[in-house]
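Report on one structure; see the data block that follows.
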Amino acid sequence: MFNSIGNLLKLTTFGESHGKAIGGIIDGFPAGLTVDFDAIQQELNRRKPGQSTIVTQRKEPDEVTFLSGIFEGVTTGTPIGFQIINTNQKSKDYNHNTNVYRPSHADFTYDKKYGIRDYRGGGRTSARETANWVVAGALAKQLISHIKINAFTSSVGDIFVLKPYQDLDFNKTETNIVRCPDEKTADKMIQYIKEVKKDGDTVGGTITCVIQNVPVGLGEPIFDKLHANLGKAMLSINAVKGFEFGSGFCGAKMKGSAHNDLFNENGTTKSNLSGGIQGGISNGMDIYFRVAFKPVATIMKNQQTINSDGNLTEIKGKGRHDPCVVPRAVPIVEAMAALVLADFYLLNKTRII
Amino acid sequence: MFNSIGNLLKLTTFGESHGKAIGGIIDGFPAGLTVDFDAIQQELNRRKPGQSTIVTQRKEPDEVTFLSGIFEGVTTGTPIGFQIINTNQKSKDYNHNTNVYRPSHADFTYDKKYGIRDYRGGGRTSARETANWVVAGALAKQLISHIKINAFTSSVGDIFVLKPYQDLDFNKTETNIVRCPDEKTADKMIQYIKEVKKDGDTVGGTITCVIQNVPVGLGEPIFDKLHANLGKAMLSINAVKGFEFGSGFCGAKMKGSAHNDLFNENGTTKSNLSGGIQGGISNGMDIYFRVAFKPVATIMKNQQTINSDGNLTEIKGKGRHDPCVVPRAVPIVEAMAALVLADFYLLNKTRII
Amino acid sequence: MFNSIGNLLKLTTFGESHGKAIGGIIDGFPAGLTVDFDAIQQELNRRKPGQSTIVTQRKEPDEVTFLSGIFEGVTTGTPIGFQIINTNQKSKDYNHNTNVYRPSHADFTYDKKYGIRDYRGGGRTSARETANWVVAGALAKQLISHIKINAFTSSVGDIFVLKPYQDLDFNKTETNIVRCPDEKTADKMIQYIKEVKKDGDTVGGTITCVIQNVPVGLGEPIFDKLHANLGKAMLSINAVKGFEFGSGFCGAKMKGSAHNDLFNENGTTKSNLSGGIQGGISNGMDIYFRVAFKPVATIMKNQQTINSDGNLTEIKGKGRHDPCVVPRAVPIVEAMAALVLADFYLLNKTRII
Amino acid sequence: MFNSIGNLLKLTTFGESHGKAIGGIIDGFPAGLTVDFDAIQQELNRRKPGQSTIVTQRKEPDEVTFLSGIFEGVTTGTPIGFQIINTNQKSKDYNHNTNVYRPSHADFTYDKKYGIRDYRGGGRTSARETANWVVAGALAKQLISHIKINAFTSSVGDIFVLKPYQDLDFNKTETNIVRCPDEKTADKMIQYIKEVKKDGDTVGGTITCVIQNVPVGLGEPIFDKLHANLGKAMLSINAVKGFEFGSGFCGAKMKGSAHNDLFNENGTTKSNLSGGIQGGISNGMDIYFRVAFKPVATIMKNQQTINSDGNLTEIKGKGRHDPCVVPRAVPIVEAMAALVLADFYLLNKTRII
């Protein structure tokens, strides 16, 4: 509840962007996995600020320290505690906002809910929290290393990848700073984000995630459907406004005769509008889904707003923020997908006598 | 886990479409509510088969019996057990499918996951299960009666309600059999569904849900965000392929300067692209979201498929099924929304000393 | 929470003693078990009223009906819903108590907590609820049929079984109505209970439970220790006042040099003061524990008390109650132990990669 | 599950005795409490090693650092992350035990369960973990500051406090190093522990806990009974072998006519054999319970044992350990009681409309 996700593989997190550290506890991780620490740091590097010209220029090393649960490089079955020290706590960037509710941020709702105003930037709502998820997701990936999780930027503003994912080479995702495996589209996206940034504005986009080599049978019917848990995990990511899998919203326009996935003799299906999931359970085909991200609310333009006294005021556009959150969100989407799948992978060990 | 939803107000369900009964236990419901039983039955009637010419013609009374937790018409704080007897268990409709995997159904995944084939129709995967949810949701609505939850059919196939929801009169939703408050569009939808049905086919659609009078502060940040739990609840409904709230997938094309909701002096916002939720917490504005339903997989046409021996065969189009699931899903969407909101309403009593 | 027990194998129950039915949902039960229904009814018969001259003379058949989750005699992996109809709802036995708080019952606390007075006997607090547990426990026993769970009456009032459990033949437990495998002691206990009953009084006692053939490794350290969950399960049983395992309260008087269980070469231990559990995890030796039951509060004597208006009054000794709860509690203790062990058995499938 | 305790107020912990740090996350703590940090450190000091001549002479400062969830001294409603650095990791004290199973420790069960041997002392099983609980419990105490929780040493070996708790002055508990408010008995206990220590041995004991000013209505019937959760919490403490509340095991010898607590006109009871709890719910009378601790398994004598290869060997008595765990366990018992009560205090806000 609240700050935990997962049933058997459970991540619980803490931390605010301007506190001493963020971190978490991964409970239920099985014993016996030899941890690849470099792979974890690599995932953190994919998410960290300052990695390219189209993301926020804050400099944070985002180095994770494991405090427990791993002995001589191997998981022990006990909870894995970890933390990431906050080295870049420039509260002064935020002090001018002490009393002001930033439009489309959570300042207002937090203040009204808790009666407390932590004016040091996003506090608990900061996307910095997602670094915790990337750590846990990177470990989860190693637990289900046979399953391949490939997320990529599929649109920025009105610029879309038009090819079906089957025609993309996922190895190219990391070859450009926007994380789009379609190189020509990637160039356009990068160019567009630079323009938006120059203009002091921000822009939204979508991420598509394709999961391959999923065994048949993951997911629990009714209230732990595989796609429902994937959806909840994605909707937990900051700035996400929508989730669709398989045929998604397009499927809502179709007829059953066109939408049904007919079987091949080997149990695979000729089409895959189901998106690899039927009745909440994986059917062995590729799982794919799409996640919508709104534009970042912090813009470099002045905006009219109110303060906590209910008076109109103006908020200045300052600070160092992402013009488009999508490129840095790609590893976050993968991490959350990995956590969900690893959880169901463990659960599935218990479903037959 | 599995067959439960909710943290403090928890619904756990059981039952298959062709067993003796379906039912559930509502745990955590506070003591002291005088139950309006008619209102519960009315919600069940909105969902039940045979209610109109554009839904399945199965006849099931869907009458709920409460077995505990209510004494002299008032909730007692103990678990509310209930059941709905299955009166229409025509297994013969299904017997011809004993050994056959119906395309885009969960036959295949259940069989592979559990090693058991319950060939009597949908079994646990049948949307009959949603009658349980409607019962619990109807009770939840009574707990948070100050909050107004209005779902309606916003598209069928390519026929969309084009008006913004603010221009609709939700009182008209129940005046037509497709549950669309825009009467002209409703007529078109009904006509289209009748054609599709005549053709032995099915069609998808979307439901929009608008929630009004929500107090500020519902929802928990990070892993129990209000919209993430709403999304999970909606994605749990049979045939759902997507969920978006506020600006949704459209928001992913926008710029921050256009997307931000500027404040009025009283704390409301001039626009509401946020969809009433910021940082996972309600801000007091209308919550609205959209849910995509694929076309029903059971069609009245013959389809090639395989049986459990892995041999190609043909499945005949028989049985009594919905040409479009959306009209009957409207009360289900409302029920799930009510369960999520009532849960957060209770949780919120504990978040400040 | 509240009315559920178990992590992976989860029982949720509902029902009051004088409502229409009691029942429950067993979630997480693995698919593929061929259910022995006779064995379940047999456990219910061990618990049911009217079975002998030293228990309450109420007549209730306590027949369970399974509503879901079992198809053609085999568990399907879906939730197992079940109910037991209340056939003996003689509310008139209780009507004279409408307004009166029975001493050492939960009348007062329920009324103060919930503001509702269900005066029809025990309501939710009635030990009738334990019939639900026996159903679920009987199924759990079948899941872990290699583990032998033997509970027996080890004391009634001041009459104790003095032999170590190793000298007892558990096959004799069911040969007498007090369920004590030491026949001479059993005779004394039966005689004593009859005297107490004649006197309109009640008496407490203890149950010892010995669990054999437990695999090494069941239980989770820290907050799901095997003995802590066994203890919680036992303390959930009506009238229980204490729980001890292994050396228990006697161990608190001992020195470490005498208390330590030294190893044999094969990993067994020479003594077993640990009670088969070390660090919360089973070590393969016998698990044994002892549960204390207070005397039943309902006595056939008049007692001074107060009513809900806060006025002194007298409560009459009426109704049909157990002079000693212990003989009927033996199958309940076994059922709860089985639920805990089966839950950990499933969990243990997930703890190593 | 596993490493979490609590429903609404949830503590999740991590850490091994010889890792970098131990710590935890307190989730669900309400916003708005001004934290008394000194009171927290004071509780840690009551638990810490080296505090007197009758406890282990290890020197550990046990200073807690809060990493999140508290802003300007006030709780914010977000998770409270904290850690305690391990400053005293003398693994060399343990290296001689690398391959050896210490009798009545969890070495054997951990190794068999997880396939991993962390030979650096107790690892996760070390009572060092309880420092985390004391931190969380100290915060919980501040949340329910109106409730008074008083634990004390009620026996060491065969030396018992014979007075009823009503005749004790709990202010005297902290005036002696064994934490027994009965001064003469305290002297005997201290003398006895010193003798046992000199002899290289250890001894068990009991702690009694009295909780006063508890409001009526805390606790949930059936599977979250107040005493069952207290019992589980106590049985989670290292070395605990038994739990009884109210009349406890003595009550199992009594008759109902003697055991029943008759009411006074104001709703209090003349006697309190119920121990302040009826039907799992507090009745406003004092709650009291007793916890049995076995003698510490690590003794300063050589013992025969086996190693992980299954060969007989001898383990040497080395290291710095407690001759009697009870004095240091007093604050742990209080902390766990506080966590349970604070959790139910929050839950109770949601049980009536």
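A, B, C and D label the chains in the order they appear, each numbered from 1.
To be clear about the criterion, a contact is a pair of C-beta atoms (placed from the backbone, for glycine too) under 8 Å apart; a residue touches a chain by one contact, two chains touch by 3 or more.
Just so it is clear, the structure is predicted and the values come from calculations on it, not from any experiment.
*Asks:* Could you tell me which chain lies farthest from subunit B when each chain's centre is the average position of its Cα atoms?
*Replies:* Max centre-to-centre separation from subunit B belongs to D.
*Asks:* For the pairs A-B and A-D, output the one whose chains share more C-beta pairs in contact.
*Replies:* A-B
*Asks:* In angstrom, rounded to a whole number, how far apart do the mean CA points of subunit A and subunit B lie?
*Replies:* Centres of subunit A and subunit B (C-alpha means) sit 26 Å apart.
*Asks:* From the C-alpha centre of subunit A to that of subunit D, how far is it in Å?
*Replies:* Using C-alpha averages as centres, the distance is 39 Å.
*Asks:* Identify all positions of subunit C at which a residue touches two or more other chains, and write them in rising order.
*Replies:* In subunit C, 1-4, 8, 13, 28, 31-32, 77-78, 113-115, 124, 221, 351-352 touch at least two other chains.
*Asks:* What residues of subunit A sit close enough to touch subunit D in their complex?
*Replies:* Going through subunit A, the ones touching subunit D are 1-4, 8, 10, 12-16, 19-25, 27-28, 31-32, 65, 67-69, 71, 74-81, 83, 113-116, 118, 123-124.
*Asks:* Give every residue of subunit B touching subunit A within the complex, in rising order.
*Replies:* Per the touch definition, subunit B meets subunit A at residues 1-5, 7, 13, 101, 103-106, 108-110, 112-115, 124-125, 129, 155, 157-158, 196, 201-206, 216-217, 219-225, 227-229, 231-232, 235-236, 241-249, 251-257, 259-267, 269, 273-275, 278-283, 292-299, 301, 303-306, 310-312, 348, 351-352.
*Asks:* Using the touch rule from the top, collect the residues of subunit A that touch subunit C in their complex.
*Replies:* Listed in rising order, the residues are 8, 28, 30-33, 75, 77-78, 143, 221, 346-347, 349-353.
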